[in-house]
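Input: structures, listed below.
In what comes next, subunit A is part of two complexes: it sits with subunit B in the first one and with subunit C in the second one.
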Partner chain A sequence: MVDPIFLLEAAINGVLLGGILALLALGLNLIFGVLDIVWIAYVDLVMLCMYLVYYLAMIQGWPVWLAGIGGVALGVLLGIAVHLLIITPILNSPPVNQLLATGGLLFFIQSFATFLWTTDHRSIRLTLPILEVGGIFLSFARLASFVLAILVMIGLYLFLTRTFVGTAIRAVSQDRGAMALMGANPQTIYLVTSAVGGALAGVAAALLSIQYSVHPYFGAAFGPITFMICVLGGLGNMVGAFIAAFILSEIISIGGVLWSTEMGYVIAFALFIVLMFIRPGGILARRER
Partner chain B sequence: MGRWAAAIILALLALGPFIPMAGMRQYVLHVVIQILIWSFIGQAWSLMGRFGLVSLGHGAFLGAGAYTSALLWNFFGLTPWLGGVAAVALAVALGFVVAYPCSRFGIIGHYFALVTLAFGEVIRLLIIAERDWTGGSLGLTLKAAASDSSLLAVQFTDKRIFYYASLLIWLAGLWIWRRLDRSMARSALEAIGEDETAAASVGIHVARFKIGVTMLSAALTAAGGVAYGQYITYVNPETLAGIGVSLRIVFAVVLGGMYSLLGPTVGTALTIALSEYLRVAFGVRFIGMAETIYGLVLIIFIIFLPAGIYGSLRNALLRRGQPRPSGAGVVQA
Partner chain C sequence: MSMLELRNVTAGYGHFTALWDVNLRVDRGEAVAVVGPNGAGKTTLLRVISGVIPPRSGDLIFEEESLTGRAAHVIVGHGIAHVPEGRRLFPRLSVADNLKMGAFLPGARARFRESLTRVYTLFPALAERQKQRAGSLSGGEQQMLAIGRALMSHPKLILFDEPSMGLAPVMVLRLFDLIRRVREEGYTILIVEQNVRQVLKLVDRAYLLEVGRIRMEGRAAELAEQDFIRKAYVGL
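Moving on, here comes the complex of A and B:
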């Protein structure tokens, strides 16, 4: 039997992981809610930002927080570029093609990163303390990223509810057609949303790069779980994604301690499939039929 | 004319292994065998994909199939002929497990794609997690048969045998595609793909057709997985399960055109030829370059030629054949 203290440690680590996953999922979900397109390559964009953070911090010797801001800037640019170059031409294509176009982007980014930077794992070597609270060891890096992730999510909430643009974004996600009738230009809203989604990718990249090393298959490692969270929460449903992130991260973390990391993921994915069958619209959706 | 062209191509394919190619024969055969097997798998996928059932988890059926027969052979010495039957049965069962709830609870579109994607990952991670007997991410090598060519073990050192076997498999795949294409099921499935509620209201048993076509597709995919495993005599979770291979199957099909008989074959042939060419041209110097170009080509194709290469060409030819195109011929978008 596993020592309960390990379980408690795993549970706390699960919460900390959940914060980051929630941030990742919110960016993807925001874009989905407005554009009705799943960016399969979203986490690969995060990976590109992580490479920039690594480059700025380790090669150029910038302080990590400044490198992180650089990552966010790249995220905004990538969000805009993806929207203008790939999404705009296929806005009215069937959903299959939209999925596949961003899937092609995933292949492209992944292999281009392999080509440019090889499959080496690169990490920012930060000497951050490990905190010990009553026999539980917590990494300061994880704690700090968790707090920052929560702050950014609160910021996103305020942006969406308290600003004019944010309100417009929510309006488009509720009814695409009606928004145009109200005299707003959906194209602008799409672009702003993609930029905000990209910025969130950049923030996630900055927070992830102080905990994990970056490699070309980073997107493949974190991508699936991010989609699962979005779908489980209900695509486009922000609160649902937030809750789903913590459910899945707890399972992964505790399952990882009890069995193995892969089994943690297997259980999380299996639970996802089962929950999809019970609540196809996401955990918070009301049953309509 | 089409009949003649088909006969000539078939004759060429049948004589393929005897065309003199100097020292290149083994290599060319190897490439063609891969194209044939992966085209078959692509056809299996397109049976569902063309009706809007976009699965991003066909790696699950592929991996489950290949591993079932490989494990049965390695541990119990069961001939892959029977192992293959077990593999197909398992894939059909898995297909049912996915398709039944999906059609029962109306999981379609994005949601279906993402549920199947999760399903593919579950299988991949299970294979890795059970590393004690599956070999984990290192993969599993099939135990060698006692002799060079063993029909019982389905292992042959002579590539020509695999060539003809994969040719037959490929033709069988084409035949099944054609059968479905000309059946009532096709109309029913097309109606379901357009609008499930409307289809149900005219008396189409939506769930039955969707589950049926998913199980058929899963069975064929698993058979393809077994064939590929037997040919390579090595199975690996990364190349046979998970997102990577699932997306690769879908891309090859979309590239060629999923709405036409030969679309998957054209797409698979192009992608395999492209990656082989880039591999030979760049060698190990530019690792990843081949895939980079591949990804870029895919994006461009999906934006500019959504019906795929073969599909677009065929549409263009059809439009030319008819003196006055009244908007027909371009059905798909």
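Moving on, here comes the complex of A and C:
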């Protein structure tokens, strides 16, 4: 029998992991909800930003927070570049072509990263303390990234609900033509959406950098779970993705303590398949259409 | 002096031509109707004016400036608001957020609070439902919201496309009262309607559009007296 204190620790670690996963999923989901295109290569963009954070912090010797901001800036640029170079030309193509295009980008980024930087794992060697609270050990790095992830998500929520541009992002996903009649160029709104999605990828990269090392297959490690969260929450449904991130991260974390990390993933994927049969539209599927 | 002028406008979709050589004018402060049967090209006419589709040939002049071929989001900025067919609200946004989108243009954004108060004064029913999703409103309330959203951009000219469509008969009468009140606020209006009898009471002048061509034009009161119109459209 596992000591309850380990379970509690695992549950807390699950929450901390959930914050980062939710951030990853919200960026992907925002873009999907508005443009109706899945950026298969989303987590690979995160990986590129992580390489920049590593480069700035370790090679250039920037403070980590500044390197993180550099990662966010690259995320914005990548979001804009992917939108203009890859998404805009295929915006009205059949969905399968869109998947092939963004999927092709994934292989391009992975191979190019391997070619440039080899398969070595690189990590910003940040020595952050381990906190002990009542017999529970928590990594300060995880706690800090969780808090920052939550703050960024609150910021995203306020942006989407309080500002004119954020509201326009939600509106254009409901009726592109009507938004043009409001005086907004739908193409500009799409570009802003991709830039915001890119910025979120950059933030995720900065927060992941302080916990994980980066390598060319980072996208393969975090990509599937990110898509799973989006689908489980209902593609395009932000609240659903937020909740789904915590459900899956808890399963992975607690399953990891009870059996093994691999088993945690197996249970998470199995539950995902079962839930897809029960609620194909996601856990918070909209009933009206 | 004319505010809006269409000169020899031809327009359509693909190989289909919906409008042939249409000439039309709306003077400042005037209310003008375009009436005609289903499929006459009335909606296409409004779409050309608001830039949703470009004309194939001909000119669109608004306040002495040619707007021919400009995109829809540019034309709104010149002061033409379009209340489209089927209202086209953002169903999952709240009433307040729909109105906010009406004020998306930078100039309108600066006057957002003031405009919001004005729309809520004009349509108190919307004020009561600010936080409700637009999709959950009744047909009449949705039409009010569509009109209110158009007012938020501080337009000079408002285009109405079949505002009475899908409304219960009681609501239709109330709707025409509302449009009358919008008119009294000083807006210039171009309205397309199937409800010919009601709309001719509202406007100064009207055009009869049939199979993409202007067949007749004149003072509303005179058109209403024409035997031809009375029999075909007014149902008397």
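The rule we apply is simple: the second predicted complex is superposed on the first by the 281 of 289 C-alpha atoms of A that agree within 3 Å, B and C clash if a C-alpha of one lies under 4 Å from a C-alpha of the other, contacts with A are read in each partner's own complex, and residues count from 1 in each chain.
As a convention for this text, contacts are C-beta pairs under 8 Å (C-beta built on N, C-alpha and C of every residue); 3 or more make two chains touch, one makes a residue touch a chain.
Small disclaimer: the values here were computed from a predicted structure and weren't measured.
More subunit A residues lie in contact with B than with the other chain of the pair subunit B and subunit C. Of the two partner chains placed by the overlay, only subunit B lies in contact with A:107; subunit C stays clear of it. By the touch criterion defined above, A:171 lies against subunit C but remains apart from subunit B after alignment on the C-alpha atoms of chain A. In the superposed pair of complexes, A:99 makes contact with subunit B only, with no contact to subunit C. Once the two complexes are laid over each other on the shared chain, residue contacts for A:60 go to neither subunit B nor subunit C. Touch criterion met: A:182 reaches subunit C, while subunit B stays clear of it.
Overlap of the subunit B and subunit C contact sets on subunit A: empty, with no shared residue. Residues of subunit A that touch subunit C in their complex: 164, 167-168, 170-171, 174-175, 177-186, 288. Listing the residues of subunit B that touch subunit A in their complex gives 49, 52, 54, 56, 98, 101-102, 104-107, 109-111, 113-115, 117-119, 121-122, 125-126, 128-129, 243-244, 247, 250-251, 254, 286-292, 294-296, 298-299, 302-303, 306, 333. Interface residues of subunit C facing subunit A in the complex, by the touch rule stated above, are 50, 52, 71-73, 76-77, 81-82, 84, 88-93, 97-98, 100-105, 108-109, 135, 149, 153.
On the side of subunit A, the complex with subunit B involves touching residues 38, 86, 89-90, 93-97, 99-101, 103-116, 118, 216, 220, 223-224, 227-228, 231, 235, 259-260, 262-263, 265-266, 269-270, 272-273, 276-277, 280.
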